[in-house]
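You will see two complexes here that share subunit A, one where it goes with subunit B and one where it goes with subunit C.
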Partner chain A sequence: MKTFRTMLFMPGNNPGMLASAGNLGADSVILDLEDAVAPGEKDAARILVRRTLTDLRPENVTCVVRINGLDTPYWRDDLAAAVTGGTDVILLPKCEHPDMLREIADFIGTSSRNGGAIKIMALVESALGIENASAIASFGGPLIGMLLGAEDLTAGMGAKRTPEGDEIAYARGRMLMACKAAGIAAVDTPFPFVTDMEGLAKDAAYAAQLGFSGKALISPHHVHAVKTAFMPTAEQIAWASRVIETAEAAERDGKGAVSLDGMMIDLPIIKRAKSVLQMAE
Partner chain B sequence: MNHKFLPDVATALREAGLADNMTLSFHHHMRNGDYVANMVLEAAAQLGVKGLTIAMSSLFPVHEAMIPHIKSGVIAAIDTDYMSGPLAAAISRGVLEKPVMFRSHGGRPRAIGEGSLKIDIAVVAAPCVDAYGNINGVQGPSACGSLGYILPDVEHAAKVVAVTDFVSDEALRHISIPHNRVDHVVCVDRIGDPTGIVSGSISMTRDPLALAIARNAQAVIRASGLLRDGFNYQTGAGGASLAASTFLRDDMRKLGLKGGFLLGGITKYMVEMIEEGLFESIFDVQCFDLSSVRSIRDNAAHQEISADTYANPKQKSCCVDFLDAVLLGASEVDLEFNVNVLTDSNGVIIGGSGGHNDAAAGADLTIIVAPLVRARLPIVVERCTTITTPGKDVDVLVTEQGIAVNPRRTDLIDRLKAAGLPVCTIEELREKALRITGKPRPMEKGDRVVGLVEYRDGTIVDKVYAV
Partner chain C sequence: MNTKRGHQAEGETIMGQTASSQAGTLESNDIFIRMTQVPEGGESSVNVESIVMKQFGEDIIKTITQCLEDSGLKGVNIRANDRGALRCTILARMEAAITRYKESIK
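This part shows the complex of A and B:
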């Protein structure tokens, strides 16, 4: 799903940037009320984010609001603003346990008639969150994906963050597998070295190869490279189109199993071909 | 001692026969670092002449020093292609009785050639002169590269005075202006401030919106079908235009293409492209940075051209007519695709056509790049405050929020849509902008005309009013 391919963080208190939210090429924008906003500006940011959702909503871009953590006094007001603004997705930071998802799902349910349409993503950024990845991923209902937050995670681990990312290999693998098992999206951590475009391209290509659904971004300059990394190649697109054509023809002709280039075309292959074409849109 | 060399500017002006009501011409390669125009006018004022017409290819903030000469009657008229800064603001307020004649970079040599702009004395800010009076722009402490904009003046003026701060001991090999066109030479301490002449390096924008616009613009070029071997291209040095040229470079590498020429104001990004072999040559009327100054001196594929060759519509041929695509800016674009690059939304003079309407007329694909909203105002307006480039010469408006194609280019609309680009109508772009900004109250024009806008062919297409 394209929503997850490039998810760009934007400070919730910067009107100029929020006005451009739809024009930076990202598939989703994460309007941030948490780390990007100083405590004294939380209320102003809330108003601005709600107004962005209602009056300046970017076209063809999924809107995500990152609220403050459940351990802060802000999250209820954040959630209320995001829900009344009509956000597509709520991103819950510091998620360590499915109970935390329950709490915000209930809040959304009671604070909005339309709450059912609002989805949730879990931002996992602690050792406990990673270890509980399966329990969190299988929450079900409105949970559509998990996002890895490697900065807080490595800080908590006492590990040094590197462009190569060896220190987060386990966390990536564990979260990814939990998401795959639960059938939800797994979104890779942002690449924090803003000007290292070569490192970014490598990191994004690696995440795409592992099977991540996409990557979060902290700079608009990263959008293009990450999109390219997650974009299927021309050969893959051609292959996927032929798979779908062959499968459709087989169905029309009432044939069961068919093969293409000596390869059996079965359901997993068709599913993969469809997802390739979807990514290529 | 060579009789050409005179001790000071006043003597040179006297020798050249300076008198009341004459036309003095200047060029703008020194840009905002120019000392020469101010120096010459100061000398003219001291000689007591009045009623001069100043024909200068462009005027910059440094030329604020002309305001007192206007007030005292030394300057009675101005003829230019572009003006910005305090002088422009003063003209907008009506400091000069006679309307300024705004031409294009191609219209100016046309007017000079046909005699409608008759030059009595052309003044060359000459970075390097030899003992014969040969001139080039590529040597000396004030090297600015091409001298293209003064070459038509030198050809047609009654007298030519060169002001220099560097006399070469050796006879010049690289000659832009031959000695037989130069009547007098004056040596002064400095002809300009190098930091204002050209910026040491023009840096690539990191503004994500400018990059989004640039990416869209290059996508339009790609989809237009014009990108092929021999592709000729011009772009400005503005944020989005410059960024678009790097996307063009990437495309050309990927597609293995070799372009024809790059044109216009030249930056290091263009120099890198010919050095890499992505284009055959650069035709240069003006250098924008020190890399291009070095390149025009050292690389035979980087050629100096005159404003005549660049854009004069009455020449037997000119470079802009061979352009496949050009990227240009705008302060306003209206619903008929007319473009304003002369005044801001308050009607104050902030620029001028320069090569805008020349390149737009010549190129097969004219792309205007601009943000949809600038300083709280929509870029798309119902009617431009001042029209500098007519909509008939404009094909596409590229903003970060969508791409509007001139409806007469149905072929292009089909191509861009087929390539999946976000094509919409210009009315839709305006609506989109108005949803953000609200409808601005219309500006009230003054009654007095302070400027006439001449299209490159000599037709007056608009007037500029006092504010």
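This part shows the complex of A and C:
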């Protein structure tokens, strides 16, 4: 899940940004063909994204391509370019129903640069998408996660977007539970107040506390703060290591129940400790 | 094919022009490419201006010329204004310009 801790959006028609994709510290980069690209530049952007993926692929970064929505004339060409380029993940915007994922999955087929199937993430950014979150999350197959898009969502709701995020509490909770139930990644919405670094740190810490896998970002300046928020503390890592050691020792000794610092070490605790260590890697 | 360094005078026009395209921007790390059709029977030409002309001018001209040859287009004048684009970007902008140029012929 570390792949989704920091997912940085970058405009698909900006060669300077795309060239720096591997050097900004994000775990994933989202090469955007949708909102960041003017209608008259869609063709040039998809060519540039494809060339970037094939000729200038950043190492140790998961590459995600956000295509245009299924309600546009662009998405098939976007998908073709992303698949040819060998993207790791397709991000489908305005996802409101699992049938939309089926359409994407059918188009992609099984092609990818490594022989495995290209994965899909669903960007949920409407009231209908949130209400259908469980159905979308349980699509299975290539769907590896969902990303909350709060700007379109709150615009559709007629709600004011605030740094505190009270207006998206329900959407966060509903999407998060749907993802957890389906066992896929839940990625929090970007923090839109670009220069409010204090607000960003609070927002990211809150998302991490809720259990999100990570957060999308719209500025490279946000990477460090979000990464820090989702990184376990040294204390948490030490605790997790001791839990795993204790559990492994108990298993070797054939003990059914074991405790650490007065706390019973059972399966949920072990699971949490493994999760902490995985995030810390 | 003629390959030139430097910049053609603004306002220069080509009589009988029927097809044209452009791609890219003048932003840093990008390259702006404009393609125009030359009069019937005219030879293709590549004219490049770059902020790194001394270091990479020959490579840029070679890349653009190769793209044009690969496209099969004849009688095309290319004017490129490079702002430090990587080869990958030059290839992408040429591909976009060529695709748009072919569309403009249809």
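Simple rule for what comes next: the second predicted complex is superposed on the first by the 274 of 281 C-alpha atoms of A that agree within 3 Å, B and C clash if a C-alpha of one lies under 4 Å from a C-alpha of the other, contacts with A are read in each partner's own complex, and residues count from 1 in each chain.
Just so it is clear, a residue touches a chain if its C-beta (ideal position, glycine included) is under 8 Å from a C-beta of that chain, and two chains touch if they have at least 3 such contacts.
Everything quoted here is computed from the prediction, not taken from an experiment.
Placing subunit B and subunit C on a common subunit A by superposition gives a fit, with no clash between them.
Of the two partner chains placed by superposition, A:P232 touches none, neither subunit B nor subunit C. Within the superposed three-chain model, A:L48 lies in touch with subunit C and out of touch with subunit B [touch as defined at top]. In the superposition on chain A, contact of A:H224 is made with subunit B only, not with subunit C.
Look at A:P15: by the touch rule set out above, it reaches subunit C but stays clear of subunit B. Within the superposed three-chain model, A:L56 lies in touch with subunit B and with subunit C [touch as defined at top].
Between the C-alpha centres of subunit B and subunit C, as viewed from that of subunit A, the superposed structures give an angle of 60°, to the nearest 10. Within the superposed three-chain model, A:N23 lies in touch with subunit B and out of touch with subunit C [touch as defined at top]. Look at A:P142: by the touch rule set out above, it reaches neither subunit B nor subunit C.
Superposed on chain A, the gap between subunit B and subunit C at their nearest CA atoms measures out to 6 angstrom in whole units. The interface of subunit A with subunit B overlaps its interface with subunit C at residues 19, 56.
Taken together, the subunit B residues at the contact with subunit A in this complex read 206, 208-209, 211-212, 215, 373, 400-401, 436.
Those residues of subunit C whose C-beta lies close enough to touch subunit A in the complex are 23-24, 27-30, 85-89, 91-93, 95-96, 99-100. Those residues of subunit A that touch subunit C in the complex are listed here as 14-16, 19, 43-44, 47-48, 50-52, 55-56.
Only residues 19-20, 22-25, 56, 220-221, 224 of subunit A touch subunit B when the two sit together in their complex.
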